[in-house]
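The structure's right below; bear with me while I get my questions together.
Just so it is clear, A, B, C, D and E label the chains in written order, and each chain counts residues from 1 on its own.
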Amino acid sequence: MSALAALLALVRAKLVALATAPKRFVVMVQRAVYDVRTGNRTAWDVTKSVLMTLFGLAMVLVLLFPLFWITTASLAEGTRLFNTGGIFPDPSTYNLDAYRWVIFESDFFFVDGDWGYPQLVLGGGSGLVSFRWVGTDTGPGALFNSLYIVSVTLAAGFGMIVPAAYAFSRRQFIGRKRILYGYVLFTQIGAGLSIATLVALYSLFSTYGLTNNLFILGLFYAASAIPFNTWLLKTYMDNIPVSYEEAAMVDGASFLDTIREVILPLTKPGLAVVLIFVWLAGWNEFIIAQTLLRPENYPLSVELYNIATQGRFSTPWTQFAAFANLFALPVAIVYFAAQRSVEDGLSFGGMEG
Amino acid sequence: MASSQIGTGGGLSRLRSALPFSNRDWGLLLVAPGVLLFSSFMLYPIFYLFYISLTDATFAGSVIGGGAELIGLANYVQLIGDSQFWTSMTTTWLFVAVSLVIKVLLAVGIALLLNHVRVAGKRYMRAAVIVPLGFPGIFTITVWRGMFSDARFGVFNTILGRYNDVMSSLSAPELLLFDVPIGFLSGRWEAFFAYVTTEVWLAYPFMVIIIVSALQDVPRSLHEAAMVDGAGALERFRTVTLPAIKGPVLFASILTAATSFQQFLIPWVFNQGGPSRQNELIIVYGYREAITFNQFGLSAAILIVGIAFVGLFMYVAVRYGGLAEGVGDE
Amino acid sequence: MARVTLDTLRKEFDRGTIVAVDDLDLEIEDGEFVTVVGPSGCGKTTTLRMVAGLEEPTSGAVRFDDEDVTEVHAKERPVAMVFQNYALYPHKTVMENMAFGLKMSTDMTEDERRERVTEMAEMMGIEDLLDDKPDELSGGQKQRVALGRAIAREPEVFLFDEPLSNLDAKLRTEMRAEIQKLQKEFGVTAMYVTHDQEEAMTMGDRLAILNDGKLQQVGKPTEVYENPVNEFVAGFIGSPSMNFVDVTVETDGSSATIRNDDVGLAFELSDEYVAGHALENAPYTLGIRPENIRIVEEPTGDETLASTVEVVEPIGSDNYVHLAVNDDFLARSPPDVKPEAGDEVGVVFEEESIHLFDAETGEDVFLTDEEIAAAVA
Amino acid sequence: ISTGGDGGDGGDGSDGSDGSDGSDGSDGSDGGSGGSARLWVDLADAEDEALSEYIGQYESETGDTINKEAPGGELDEQLETAIPAGDGPDSWIWAHDWVGRFAVREDPPFLYDASDDIDVSLDDYTETAQEAAQFDGGLYGLPFASETVALFYNEDLVDEPPETMAEMVSIMDEHHDPENGQYGLSYPATDPYFASGFIQAYGGDLFDESNLEVGVDSDACKQGIDALQTLFEYIPSDPGYESQIVAFADGLAPFAINGPWELGNLQGEIDNLGVTTLPTVEGNNPRTYSGIQLFYFSSMLADADASTVDAATGLAEWYTTNEDIVLTNADEQGYIPVLADAVDNDDLSAEVQAFARQVDHGVPIPSHPDMDSVWTPVTEALERVFNGEQDGDAALDQAASEIREAL
Amino acid sequence: MARVTLDTLRKEFDRGTIVAVDDLDLEIEDGEFVTVVGPSGCGKTTTLRMVAGLEEPTSGAVRFDDEDVTEVHAKERPVAMVFQNYALYPHKTVMENMAFGLKMSTDMTEDERRERVTEMAEMMGIEDLLDDKPDELSGGQKQRVALGRAIAREPEVFLFDEPLSNLDAKLRTEMRAEIQKLQKEFGVTAMYVTHDQEEAMTMGDRLAILNDGKLQQVGKPTEVYENPVNEFVAGFIGSPSMNFVDVTVETDGSSATIRNDDVGLAFELSDEYVAGHALENAPYTLGIRPENIRIVEEPTGDETLASTVEVVEPIGSDNYVHLAVNDDFLARSPPDVKPEAGDEVGVVFEEESIHLFDAETGEDVFLTDEEIAAAVA
């Protein structure tokens, strides 16, 4: 919970930073003008900066062009991908229908967009406490399935990755090198593998009656994320000086205390990276999800895929794009909040000197 | 990291052997759950797939339903004799290589630019530039498929058309004009180009983050030392920046190359490896054999070969690319 | 080689809120070795960086001989710099590290470079390391490579930014000698930033003391040691540092007494002294170096001062006797003078060895303005 | 898309793997009460909603429960894994072209021969539809609609719908001007399903199901492809479906060749939309492939409770033979009736009648499993021709040899 | 507080190929301050780590008072350690850093901890920094926080691993005093590893010298300085270090001459000396400290030795005169003795101040085995 609060605080700070960015920009420009006027900087010097910045901006625009293009498509009228009149659709036709559709008609939030409200139920059902949706006959939608899967993936992933990375980085044990080597070899056998072994997986799951089980699917994603992320985190931990741990030990901290109070906080950037990657492992995958799950349990990724393949021959593009944009939003937010950590956390294999 | 000079390097292996009670193997306990989970969900299916590749399974169900019989290595033998297999292999490697080169160049360029002192707001730009990472491949690839439409009103053809208009209004020579509409998806190399472009776009964010990280770790004093040594900007890039990012770039290259090798969605969504199966990357090839031609055993053999290649590739890369430095540092 | 002139050199940071270097004037003769000392943050590094061209002065100029190089890019200046952390290129071998400057700034062929570097390396005793990478070297070896790299280019000006601060004492002594030897051999003009007392005192032809961005004094090390222009310099140069006591002078023009009743000091100055110096009835700060204080273990009452011993630190070759005169009053005695803590002892010092500083400005009261001006020229 | 199921809390395991929520229904022939069956569909929204309503109607009439699910993605791939694992549906809706492919499956079987469970007479359906639902004497489904491609035209651009190829070409010539964003035709022409009409116009068969012969390189087909090539000239250069349809939908082309599923959309986009049969080539009516929509009976039924079988077959019987439904569907969804009584009904809209006529000219898609080997080579051949890499004859020869090699 | 006993403590690394600490016996009295010195790699850190429990001894035992703690985990030992680089937790504020040990090893409530830390911080003059993160602190401040963190727990044994090596001279002197003061105030037993001569000499009650994992000598600093048991200790302790000259002794039992013809040394020993010490006709190493050498600027020929001045380094309070006797032969003279380089000078030293070491073993030839044994007890 506190982690959540911290995350929210971080997001808020970022938003504030974003909101004040224009002001800072103005200040920057004022300063540049001042510096030129007072002769602290030459005009050419400022011009160079401006040109570089513009060049950077242009590059960003080019790189993000596909997303920009499809976002305009999501705002346009109709469902066709192409706009024969030009690259972008006519702005006068822009509307939010597609987003309205995603929220209130698709299964994004609630099945058939039928919003209700949750009601806590004590006792009864499968667990002690469960909750039920009131005011909707259909129930929570794909978002909740996705979140459930991602939670399982994150919980299982972190539960296995963090201790293992620590052990690899700090302990000596039988088979350490071998396992690590194996992990490195398998880091990239993921995406392709899931297609390749789809049938094998399906038979495995169905043999044990584990199909249509969000929990198991979450575990599966965690499994696929383990090698790469363990290795990543291990590399990161390698760079944390050992003396912090020793200091904690001398301070009387038990092993668990040391982990909680020292290792984890110091590993934060690494954890942020792992968070993103593990999250993406559970969030984006759809091929296996679709094969293993039944429709009522489909996560957003499968729903998205289904929109793409919905029409016999064509795709309702505005809806597809709107859905995808909303789908990518959480990841974007998490990344945005953790950008600095991610950039720090991925720094390895760099300078030795 | 704040102060990473504090006893790392040799300190690590020292610690490993030095921490009290460390020679007990309980580290294994921490690693075991992950290994177990990984093996059961990842390794097991591979073995299963290998088993299938030894059978005459025709469709998925014949495996699950038990209707397949072991036929030894016949599938592999058939594979070797299949020209499509070799086409697919060549194309796949070519795809990996070409996209890798472009990816690296592009990512280094972006990272340098977005880490340059003169660029204002570079943090925001860096945040923006890696957004593609957050979108699901099925979406972005479908979008790219749309943009690469062969039709004159396809996005790229429209852009090229506009470019032509501008150029010819400048009365530029014919040579600089494009012959629109370009059949991005209907020509073999055009389609290949479209695949590569898309693959590059999908993979550059990861590289950019890694390179940016590395760039930020380069001590300023190294640049200054080079400056004092009389090195110009280009030389400094060569002697200071490049070596500093070489490791990370290599690392990212190996990872993305392995992913490229397994690229499925791009060819599948674009034109199913066409035209005329000329661009069937290896996974697409395997997938098609299974789904379209009901050659499940053969398909499994293809995929096993594919996986073996990735494994081999990783092995070589790890061995000779110094990737395993962190693995066996004793 | 070149004469280096810093002409009212000034560097401000953060839009003038931080003045790192404050109108510094300094002239370094061709082939001269000047050490620069000062407390942390006084602007030493910034000054050096401006000479190297790594930092652009806010105002003022840097001249090599008579050429104004203020606007010349670092890579064009005939300067070599040894960085505090060596800044060796980690991916290059020692050979490549040392040859890099040559490659960049000369037209030598590879063979010529190789030859020069090998020569250099032999001179520095690192010829066996030429194929190693920097990580494989020890601190002292890295240091030598960094030096070799700087020297190989035959720069006209040599800049050192605390190059020995990461080494241990023994190595430091060795490297010190080496640097000096090389500098003399090549006759290069050198600026050497340090915060080590011994380096400051022994290495330079002249010593420049900075404080707060301002030049306090330049001069031969012994001159500076013996005639510090102000309390800051007096306290900064010398280890253990000079003792200071707040005093008042009572004078009637022909005789004078230095007095501090709290510590029981009443020091009658000789007539010659009074005649030779212009003293007023005013508060002063008395400065006296530890080695100029003699401890009388069995005081007879004739001593300048009586005091109690607080601690005696034997350092082998000497004893440091801490006295209760005020916080941090220290006498250096020979090892055989060894009072116990708590002992009452007598304290004796000579008129010649005392310094008197203006209580407000801290300036040595006997220096004329010209002398003070000369001290920084 | 999906209804039923409790969703949300997830992780509650599967519903057992026998594929049916077995309940003790009676044996009532017209769907005794209490049976429950799983039905998989992959339909457009409007179709899906309509179906849901009918199912509701059926459930309340009979007391059976039908769990309709839309597994999404590619339905056949879903079936490929689900059925062998015992997790498949009891019934699904798809065109008849899978009948052969699935009917020959043995270990495990995919389809259920419902000959003994069906109470309606097959003669109620048109002859083509009857054939489509059967394979090797087994009855594997019940048909409720057929579809094929026909000619859409924009009445604002076309005064008189063309009857012959020549007429059509002259109209297209009038409009075709790609430099300025005008085209003659919108036609996903490299898809054999769409192209089949012209290729087979001269009587050739891509695949002769009765003799199991590959006819791709027959002279008749080669003649047909020449006609098709004429049309290639007039379409946007991306033969992809999306690119093609937009040209017509945006009013840039006078004609489109497409199926009834686009009726709804296009009616919204084109003010005056007309549909007619494909123009004749040298007097021959193009023999388009037509698909017959079926309720398939899955092999899940073989082991299921009788009540489940009743529910599954009952729904199919009720839905396919209810004239009201058939007519409403024809009206609203553009479904071309295959119920004999409805086919001749004059209330059918002009568009549906046009499609129905085209179906009459056409041939059902061969459902024999060998047909699986035909599609890809033919597609590729068409692409080569379209891209100008090969002429039609050579492309078909190559495709034919590829097909023969694969068989 | 506790008496710390190291009982034939041994630590091997890499399967015995590296013996970092070689059967070390050392007893540290309750409340005593022992400094440990030795060249790099001699096993100082390893010893300290074994006391802290961070390293498991290969054999031998560590006892606190009479309790064997060899098998006790670091976190259970009443020990605090100040690391060379402070190892302050970078993500915690100063307050949290200092409170961490209390939180982990006591039952104090948060308020109590806060109170104790604040108290501690006031004592160390860092109460204003409590909310800062370590990054924001200067070296000296970090040092203080590290000390405060260690003290806050009120350990029984205090371990310092070169805690001042990253600070500049001035700060070092200050912190040295502070550490000593605190140690005495709390009466904690302390082990202090350093390689700084001055720290070694001044800080400890006793000084232990390690070489190559073996204990060479323990004793009061002055004792060690004056009576080093072997050449290693003699050379290691003292700065600038002792001068060594290879000599041969020619003796007939009643008189003896120390001779080195290369440098023209012929030093007649007095009869008492010869009587009191057993000398043989054999090669020896003569040791003489720089401060015991007197330079005669105008040599009369009566001096012990004649030599040429190589360099004179004035360090203000003294001059270091380098002589051509052999590499690195140094005399320390008062500032007024100031020969020029190249001058021929006379060198004088007294019989009492010379040391003679066995040329092979390096042991002081006049110590009995018992004395040698005593030196390490």
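Simple rule for what comes next: a residue touches a chain if its C-beta (ideal position, glycine included) is under 8 Å from a C-beta of that chain, and two chains touch if they have at least 3 such contacts.
Which protein is which chain? UniProt says A = Maltose ABC transporter permease; B = Sugar ABC transporter permease; C, E = ABC-type D-xylose/L-arabinose transporter.
This structure is a prediction, so every number in the text was calculated from the model and none was measured.
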Chains touching subunit A and subunit D alike, please list them. B
What's the chain with its C-alpha centre farthest out from subunit C? D
Sorted by contact pairs, first entry is A-B
Using Cα averages as centroids, what's the distance between subunit C and subunit D in whole Å? 93
Provide the C-alpha centroid distance between subunit A and subunit B, rounded to the nearest whole angstrom. 19
Centre distance in Å when subunit A and subunit E are each reduced to the mean of their C-alpha atoms: 56
Hey, how far is the Cα centre of subunit C from the one of subunit E, in Å? 26
Among all residues of subunit D, which ones touch two or more of the remaining chains? 77, 81, 84-85, 181, 242-243, 246-247
If you look at subunit C, which of its residues touch at least two other chains? 88-91
Note the residues in subunit B that touch 2 or more other chains, in rising order. 3, 6-7, 17, 19, 60, 63-64, 146, 149, 151, 153-154, 219, 222
In the complex with subunit A, residue positions of subunit D that touch it: 1-15, 17, 44-45, 69-74, 77-78, 81, 84-87, 181, 188, 241-243, 245-247, 249-250, 252, 261, 265, 269
Which residues of subunit E touch subunit A once you look at their complex with the stated criterion? 49, 52-54, 73-77, 79-81, 83, 85, 87-92, 100-101, 104-105, 149, 153
Contact residues on subunit A for subunit E in the complex? 241, 243-244, 246-254, 257, 261-262, 265-266, 268
Within the complex, subunit C is touched by subunit B residues 219, 221-222, 224-232, 235, 239-240, 243, 246
Can you check the complex and tell me which residues of subunit B touch subunit A? 1, 3-4, 6-8, 11-12, 14-17, 19, 22-23, 25-31, 33-35, 37-38, 40-42, 44-46, 48-49, 52, 60, 63-64, 110, 113-114, 116, 118-140, 142-144, 146-147, 149, 151, 153-155, 158-159, 201, 204, 209-210, 212-214, 216-219, 222, 244-245, 247-248, 250-251, 254-255, 258-259, 261-264, 283, 286-287, 290, 296, 303-304, 306-307, 310-311, 314-315, 318, 323-328, 330
